[in-house]
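In the two assemblies presented below, chain A is common to both, partnered first by chain B and then by chain C.
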Partner chain A sequence: METKTKQKLSESILDKFSIDFLRSQVLKNAYGNDDTVIARLDPRILLMWYLFIGLVPWFVSNLWFLMACFLLVLVTTKLARVAGLVLLLFAVGVFSQTGYLFLVSLLFGGDTSTIIPLLILTLKVATCSLASITVFSGLDPDRLSNGLMWYGCPERLSFSISYAYRVLPMLMEEFQNILLSFRMRGNPPAHETFRGKVRYLFYQVQVVMHAFYPLMLNTAKRSRTTVEALEIKGYRYAAVNKTVKKMKLATLKVTYNDLLFTAVSVLWIALAILASTLF
Partner chain B sequence: MELTKKQAATQSQKLMVFVLTMALYGLATLFTELIPKFQVGIVEFSVEYFFFIPLTLAMLFDPLSAALGAATGELVFSEIMLGQFGGLGELEKFITVTIGVYIAGRMVRNPSNRAMVGVAAITGTGLQMLMGTVVDILKVQFAVEDFEAVAGLPESVFATEGFAFLNDLLFSGILFCLLPTLFLVPKLYGKIEPLLGMRPRDEKSDLGRISPKILFACAAAFIAAIAAELLATSGMPLIDWEAEWAESGTAVALGIAAAAAAAVAVIAVIKVKYGKEKVPQK
Partner chain C sequence: MNIIEIENLTYSYPAAKSPILKNISLQVEEGDFLAVVGNNGCGKSTFCKTLNGLIPHFITGDWEGTVRVGGLNTLESDVGALACKAGYVYQDFENQIVRPTVLDDASYACLNYAMPDYLERGREALALCGLEGREDDYIWPLSGGQTHLLALAGAVSLRPDILILDEPIAQLDPGHADKIYGVLRELNEKHGKTIIVIEHHTEYIADYCKHVMLMRDGSIAWKLPTAEALQRVDELRECNIFPPQVTIAAHRMRKEGRLPEAQPLPTTIAEGKEAFSSLCCRPAAPASPQRQTGEPAVRFQDVSLAYRSVKGEDRVVFDRLNLEVRRGEKIALIGSNGAGKSTLMKLMVGLLKPGRGEIFLNGENVRKRKTEDLSRQISLVYQNPEQMFIKDSIRADIAYAMQVRQVPDWEARTGALLARFRLTELQDRDGRLLSGGQMRRASLAIGIALNPGILLLDEPTANLDIATRREIMRTLTDMKGITETVMIATHDMQLVCEWAERIVVLCQGRVVADGRRDEIFGNRAVAETAGIRPPEIFSMGQALDPGALCYTVEEFLQSFQEA
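Let's look at the complex of A and B:
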């Protein structure tokens, strides 16, 4: 009975961590939350906000201020309804950067006095990454690339962002199909013994490497189609044309919501500064 | 006539190579991002499992487009899409990847020459890793002020970084960069180029040897990368915020807070009014 539930549990975990799961998470992250408060804000304001929240905490080591910044980005991340996988990656990342230091210092007879400096470092790291998560996965890719373009980023970059979000699900599906067909035709080595397991691992790595051969050819064909379609629409001339850029960016508009968001953020930060000077 | 020109690829073909490399390498780095990294202190055992993809494409096509495509792909797919964007620090990765791939691509004059492909693959990988190691060492040196004073610290940093570099080069460099590139380049050579409407690269359509100018440009870019990385990681107070607060901080902060509170109130009132006016119109 117990082994059965165990087996079931491991199966369900493995099931979750498949390419399909990844694809749905990435898609959800990109397009699943365009009805949130954050997604409706103006990308230019949000990028400016990110520039402040993502940069300033690195230069300040006042606990009150950092705590306030962290709470602020915590709220915005909640508002942006970020996909679970991204948050998991964030947690693992923060822990691997600072969390384990605390454990190690406890192991070597450290006491609670190590908490404060570590907390400051952790807050800095966490604030910056949460701010970037809010902005880069809370925003619609198209709006994000428009915002970047407004600040004069090269057209290539904003094209890449929009293209990446569209092509990634297709690429993942294709890669999975190729892997499946390799698995169908392949003859994996027996993996009961330890040596067999090592050989099996090498076999798997080899299959992944081999799978890139057809994938490269298919993607080459696809990228030619993409570029030719772009050429038909006059992409290379449009990319450097000022009138086209103006038309493209005409949808950006600062509303009262944006102003309110900015004002509330400024108020919160100002209160934090006030608190840090008082205590 | 067109084919005898030194510039082997047209603008749209370059864009195709860019898109191709970006999509493939981006997909691959998305997987790498999900594999946890081993990090011992500041030393990172980062394994670039899929570095062979841009290397292969840079050897077959225009190296600069492939290099830029690879770096952009990594930035967009694995950093921005997963919300892991690290700000200024990402510039270092971008530049080192570009340089490594570009140099490797330029080294190969004839992709059917296996020996050269192998040498170029390991050089490009090694170059990229070496630059990362140098940046890591500098990072520690700048972050710890009395670097020389702490007993045994310089030696231990050099030892761990050197070990990480050798380990990366010998383990992932050979297993994940050299072998797949040696397998893929001859196999794709002559097959993938017609799909993009190009002629396979050979001695004639070569872009020429690596000139000192290119090396100089690479060195300059590398210095920029170091500067960006140091700026991003160091907690150096570039702007002296805290001193300012200490003097007349409370009053200023109070002023800002009051102004912001007033702004919030005003905007909220306008918004409510605006909303009310709009509702009857509907």
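Let's look at the complex of A and C:
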């Protein structure tokens, strides 16, 4: 019974790291949560908000203020319903940056004088990362690119953002199929022993490298049509046409929710500043 | 009024030695529904690209002559102005979709050309193409047919007078193919659009098109009304175009002196009913091949599988599927797009693991084996041969699996396989650069390199012109002796009828029918629920006599005799 659950667990972990899973996470992250509070906010407001939350903590060292900022982005991340994989990457990232120092100093008898500065640094990194996650994965790529365009980013950049999300799943699918070909026809080394496992790891890295060449060629073959289609659809005209830009930006609108979101954020930050001066 | 006027057009691609279009002159009337037919590489697609200005504005080359589209000279106008005159849908239409949501993609061109009513135009185009109500959907869950309709809507939104489609139904099942042509007919008849299709399926030409234009070696052989054009059976067959089976049958009868010379050949089933009215059916003694009773090669036991979806519930593909494949069987797996055919095959080779239930391969549970170990017993050839080419020459590709397994005399075996599939001369070329038929042959050679007992083929004849398709069908028949058990997933009912000994019909992840061809095609209810369509000649026989079961032109000629 126990071995069975164990086996199941290991299977499901392996299963989770398939390309298929990555693909669905990317899609989920980009488009799967367009009905959240965050996704419906005006991208311009959200970008302004990000500018504040992402920058200010770097210049403040008051623990109360940083705590408040961290709590705020924690709430917004929750509201944005960010995909699990991104959160995992976030956790690994923060830990490898500063988190492990924090733990090490705790373990080796660091006192508050070492812990507090590390905590402050960790909070700063975490707050900025979570704010980025909220904005860049909470918003769908199109709204994000429209927001950027409003602030004067070139049309090409904003098209690239949304087009990258369009081709990424395609690329992954192609990659997956090529890897499957290798799996079906290849003959990996046995990996029961430790040495075998190391060799197997090398083999897999090799396969991924070999898969690159067919992947590029297949994608190039497919994108020939896309390039022609973009030409027919007037992509080049739009890039230099001011009216098109105006039309695209006309879809942006500040609503009651945006005001509410701004008000709550401002109030919260104000309270944090008050707290930081009091204590 | 002529909407397209071409005078003495000669064009060659940059760095090409000889022109691909030679001295073409043509007039197309407004409101026409024109089919362009011709051999592979005779310049059909190139011709169509001259109409929307991609040639010479985007793809340069040597150009002579004039092309006028809707009154505009294509040399003097730009691609944008021409896009509003002539819309284009590619053969690989899924690469034409550039935006993530349906309405977004349909209205994208209008937005780019700064039309203030771009959203309305997008909505209008979607309604015309039968995608109403899908406006806010993402493009990933769309089926192949819906994606094609979306690509069409993207072109229609600019309200062009001309629509050009390159092989619109090559990848679609008959249900979706009918839908596409239904939409095209409505655009043509109700909205007055001129439609040009490059098409190999002559049954669809007979049913829908008004004119047929035959191209041969870069020039136009003729342009004739459809009924007249399809009469030219010998000429068409020289160019590897196969007229509808009804027409071929009548043509052969005429040659045997069984039909009067003066009478025009029928091109549709309705016409055939009249032409063949004097014949009556003498059913041949029903062949009753023994049902295979060999031991099971693959067994599905209560298999369930669901795909993760971007949003909401996971999509269930199989719910407690049970199926047994016995040794030595030649099985065709049929069903509409998205019925789960490819998924079933991936499960068998262990590329996907079932959510619940077990799959046994030669008595062993697949779950317990590694995919790499299964490949000597079972092999899968993908629908898209490009994805099977992982080396830089087809020789290396065929050798790869044997080489890494140290199969004795793998070099000699590779040579033999190359010869067997007539690839010896191409052995050093990259698989991706071969023609459709060569690519397919190479992928078959790769598939049987390890001499597996079970071979799975996913749509081996999709996207091929009819001549190449016949060639692959011959190869498949040849291969019957080599590989013991073969399963083919396909929409190609001629292949099914001529090749398969057992037919399994999948519909929404369930096996709805399983048996010999008489049991499948003789049963109307099955055909209707699963959206499958027998070959035209079978329907012809049925229309004449509901008891007739003939699957090939030969069988038809034998069963139907003069009274």
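Brief remarks follow.
The criterion applied here is as follows: the second predicted complex is superposed on the first by the 258 of 279 C-alpha atoms of A that agree within 3 Å, B and C clash if a C-alpha of one lies under 4 Å from a C-alpha of the other, contacts with A are read in each partner's own complex, and residues count from 1 in each chain.
The rule is short, and it goes like this: contacts are C-beta pairs under 8 Å (C-beta built on N, C-alpha and C of every residue); 3 or more make two chains touch, one makes a residue touch a chain.
Treat the numbers as computed from the prediction; the structure is a model and nothing was measured.
In this overlay on chain A, chain B fits alongside chain C without clashing.
After overlaying the two complexes on the shared chain, residue contacts for A:Leu123 are found with neither chain B nor chain C.
When chain B and chain C are set side by side, the one touching more residues of chain A is B. In the superposition on chain A, A:Tyr213 makes contact with both chain B and chain C. When the two complexes are overlaid on their common chain A, residue A:Tyr163 makes contact with chain B and with chain C alike. Shared-chain residue A:Ser137: touches chain B; no touch with chain C. Of the two partner chains placed by the overlay, chain B and chain C both lie in contact with A:Glu231. In the superposition on chain A, contact is made by A:Ser223 with both chain B and chain C.
Contacts of A:Phe90 after superposition on the shared chain: chain B is touched, whereas chain C is not. Legend: residue contacts after superposition of the two complexes on their common chain; A:Tyr256 is shown touching chain B, with no touch to chain C.
In the superposed model, A:Met149 lies in contact with neither chain B nor chain C. When the two structures are aligned on their common chain, the gap between the nearest CA atoms of chain B and chain C comes to 7 Å.
For the contact definition in use here, the residues of chain A common to its chain B contact set and its chain C contact set are 30, 163, 165, 213, 217, 221-224, 226, 228, 230-231. Touching chain C in their complex are the following residues of chain A: 11, 15, 20-21, 24, 27-28, 30-32, 140-142, 162-163, 165-166, 169, 174, 177-178, 180-188, 210-211, 213-214, 217-218, 221-226, 228-235, 237-238, 241, 243-244, 247-248.
Listing the residues of chain A that touch chain B in their complex gives 22, 26, 29-30, 54-56, 58-62, 82, 85-86, 89-90, 92-93, 96-97, 124, 128-129, 132-134, 136-137, 144, 156-157, 160-161, 163-165, 167-168, 171-172, 175, 205, 209, 212-213, 215-217, 219-224, 226-228, 230-231, 236, 256-257, 259-260, 263-264, 266-267, 270-271, 273-274, 276-278.
Those residues of chain B whose C-beta lies close enough to touch chain A in the complex are 11-12, 15-16, 18-20, 22-24, 26-28, 30, 33-34, 36-37, 39, 52-53, 56-57, 72-73, 76-77, 80-87, 175, 179-180, 183-184, 187-188, 191-192, 195-197, 232, 235-239, 241-242, 245-246, 249-250, 253-254, 256-257, 259-261, 263-264, 267-268, 270-271, 274.
By the touch criterion given at the top, residues 52, 54, 58, 79-80, 83, 88, 90, 92, 95-100, 104, 108-109, 111-114, 116, 118, 138, 140, 154, 308-311, 349, 351, 353, 371-372, 375, 379-380, 382, 384, 386-390, 392, 400-401, 404-405, 430, 432, 446, 449-450 of chain C touch chain A in their complex.
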